[in-house]
Amino acid sequence: MIPAVEFRSVSRHFGAVKAVDKVDLTIEEGSFFAMLGPSGSGKTTCLRLISGFESPTAGEIRIFGEASGAVPPNRRNVNTVFQDYALFPHMNVRDNVAYGLMVKGVGRSARHAKAEEMLALVHLDGFGERKPAQLSGGQRQRVALARALVNEPKVLLLDEPLGALDLKLREAMQDELKSLQQRLGITFVFVTHDQGEALSMADRVAVFADGRVAQVGTPAEIYEQPANRFVADFVGCSNVLPPDQTQRFGGPARWASLRPEAIRLDPGQGGTVRGRVTGLRYLGAATRVVLDCGGHELAAQIPAGAAVPAVGEEVGLGWQVQSLHLMEKE
Amino acid sequence: MRSDRPPFILTAGAIGGLLFLHLPILLIFLYAFTTEEKSYQFPPPGLTTEWFGVAWNRADIWPPLWLSVKVATIASCLALILGTLCAAAMARARFFGRDTISLLVILPIALPGIITGMSLRSAFAVADIPFSMWTIMLGHATFCIVIVYNNAVARFRRLGSSMLEASADLGANAFQTFRFVILPNLGTALLAGGMLAFALSFDEVIVTTFTAGTGNAAKTLPIWMLDELVRPRQRPVTNVVAIVVFMATFLPILAAYYLTSGAEETAGGGK
Amino acid sequence: MMPASSQPTPAREIAERLTALFWKRPGILLALLLAPPLLWLGVVYVGSLIALLWQSFYSIDPFSGVVVREFTLKTYGELLLPQNYDIILRTVTMAAAVTLASAVLAFPIAFYAARFAKGRWKAVFYLGVMLPLWSSYLVKVYAWKLILAKEGIVTWAANGIGAGSLLDAVLSIPVIGGNSLSTSFIGTFTVFVYVWLPYMILPMQASLERVPKSMLEASADLGAGGLRTLWSVTLPLALPGIIAGSIFTFSLTLGDYIIPQIIGNSANFIGMAVYSLQGTAGNIPLAAAFAVIPILIMLVYLAIARRLGAFDAL
């Protein structure tokens, strides 16, 4: 199968700044693909390389097998939901949604009918006459989505689309985006700095660090088998063990990661390693326990309802062997 | 000093200052109705409306009026095009020489009028260009560019880049983006800029005296007024014309203010 | 990648090609946008300025009155003749006096508008300064011709309150007095201040608005009286705006020739000299040399203003 989007050793340098550096990526058709990373890691630049607002300084991007180097943004069958939505303030909602059809020369009644159809898809029936300024943040986001989908793109790019929404709305929109993607079968490429969002929505996740791709995989792979300490740390705050510590914890002399929730605390004398509780953080559904294990700091997480040790108390730590994930490199 | 209540002396100074700025202009209106035509006697010995009719029938007023309207219209149209282009370029990109260009745009209005006027005069002398309506227009368009530019560049900045990208993303080519997104959003700013440019050009006298020559064919309304000031004939008629000139500048300014008052930037801050 | 759904017309085809070109080479679009305004300003304006400088290095043949197109410093030398030197000195003195008076008059308006005017009154103050700024220059000058005339409103009012003799006393002061207000330096000065005052108010108000309210309150808290706060806190903070405004009032006065021509005792100013030299006298080289003087003075002035941080307030 031809991949929807393919990065072949793509770089985008701004002078001395390597925003994107020798990135190879394959995004399968019909997948929900997340680009995850901290700000400045190159994920947004990658998105703009696909839409055509940036051009690679080296390498090649193929969209459905075609080299995109000579295709301007308006000729790419790719549409974007912008971070600030970028709705046209002088047009009403219907004209905003129908814009893509208008510039293609689709007749008035046909494009209005299609626009209403798209508005229904995002549950905004009857909002066509309003101006963007009269809408709430969540509604604007839906208009931006309908507007981007009206051209029936083969790839939909979403640049932190939920960043401006409050928590409750964000969770509702996550579910809605996911079901929309499954219904339409379009490839979604989604940029976010929120690892929870990436893990819960995407089929595949690419973790970006310093303009490079640190790891690509399914959410489970990323979370459970981080390729290096950056991924382990950025995705879910794992405990990262240097080789000497891994040995102390019963593994080979390699870098390893250990999820906080995989650690069991034993108030008695048992456990592979012993540690002293130095801090507690109540998280609601769980409690985070910070421990000092012979000079090395570890975090454990115990579910709500379980007994919580006191600060200063010495406890034993235990885990299952397969929880200690060995990493290829640092 | 208490920050909520101004001291009396400050209030008096502020209101006195505003009155100082506005009262003189009201006198122009009063003197248009006086029955005394040989001097500026106050209070006027009597009031009459006959001067409006006299002014209407004076053959020497109409050609300057039309010339001023023509020059102001052409100059502000040219300034609209040039100022908007320049604003579009300056808002889009950072590039080498940006500061030099913004200085270049402001210079014609920042330097005193006689320098702009005398420079153009020297250039016409060097290049042997005869005076005409076009030499007047050339000067006016030059100092009107900055008015349009100031209005347009603020609006471009507010428009931001993501709206233009959204348009391209949805399939619009550069010209469609200009027509459907840039122009509607720029509209009121350009209208305001154009009106201010018109007002500025319609009223301009210093640069014009250097670029118009001495012929009657190149006499704009302000130059006609200047002649009347130096060699008065029927003084109240001059007042009637002054009212016309005042209105021709006042109304566009008021319109420009209301056109842009909703926006963050307000027209006219940088004459 | 995907063809447009309507059949491409030739015009559309060209538009698409150009779009692709602008995308591939953003510099081309930038150059196309900048070319017309830069050509205009470069050729018409900078070209003219160069022509001005050029002419100022020519001279005029004293016998035939014909311009001698040879490079010489003779014309600049003529500026140092007593009668020309006087003109420069008189103009600069007037510009300085006008600037000072404008600053004093502008301060209450700017301070009130920046600190105390709210809502509706803010708009009133804004329009109240903006409208006189933009309304017809010539009409404003003309209005003062009416006011200052011998038989005009000022004389009438002075006689009305029994101050007629005071007015006569003021007019009899040598140098600044004259036959009537409209033919004296006092008149010229008043009209200059009136016409350029809004240019001083606006930047002053802008910089006063940037003075944090808390800073004034801090000063009052520390026991400083109103005048003391004004003098040692508000004024220094407003200084960049005052200097920015003074750039306008100074430069505009230096270059004006209409006001002293219509209201004044027909003593020469730089602007008047330039105008009459290029016109009736036909001495374009000397007129050009005279016009270079305000440029030089303003360059020095701007350099000082820049060091005092006035450019942020423009």
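Each chain carries a letter (A, B and C) given by its place in the written order, and its residues are counted from 1.
Following the convention adopted for this analysis, a residue touches a chain if its C-beta (ideal position, glycine included) is under 8 Å from a C-beta of that chain, and two chains touch if they have at least 3 such contacts.
All values reported here derive from a predicted model rather than from experimental measurement.
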Chains in simultaneous contact with chain A and chain C: B
Chain pair with more C-beta contacts, A-B versus B-C: B-C
Chain whose mean Cα position lies farthest from chain C: A
Whole-Å separation of chain centres (CA-atom averages), chain A against chain B: 54
Interchain centroid distance [CA atoms averaged], chain B/chain C, Å: 15
Two or more partner chains touched - positions in chain C: 4, 16, 19
Where chain B touches two or more other chains at once, by residue number: 168, 171, 173, 176
Multi-chain contact sites of chain A, meaning residues that touch two or more partners: 52, 72-75, 104
Of all residues in chain C, those that touch chain B in their complex: 4, 12, 15-16, 18-19, 22, 26, 29-30, 33-34, 36-38, 40-42, 44-49, 51-52, 54-55, 105-109, 111-113, 115-116, 125-147, 149, 151-153, 155-156, 194, 197-199, 201-202, 213, 216-217, 220, 225-226, 229-230, 251-252, 254-258, 261-262, 270-271, 274-275, 278-279, 284, 287-288, 291, 294-295, 298
Chain C residues touching chain A - in the complex, by the definition given at the top: 1-2, 4-6, 16, 19-20, 23-24
Interfacial residue positions of chain B with respect to chain A in the complex: 160, 162-163, 165-173, 176, 180-181, 184-185
Partner chain C, residues of chain B touching it in the complex: 1-3, 6-7, 9-14, 16-18, 20-22, 24-25, 27-28, 31, 39-43, 81-83, 85-86, 88-89, 92-93, 95, 101, 104-105, 107-108, 110-116, 118-123, 125-127, 138, 141-142, 145, 168, 171, 173-176, 196, 199-200, 203-206, 209-210, 214, 222, 225-226, 229-230, 238-239, 242, 245-246, 248-250, 253-254, 257, 266, 268-269, 271
Chain C contact footprint on chain A (complex, rising order): 52, 55, 63, 66, 68, 70-77, 104-106
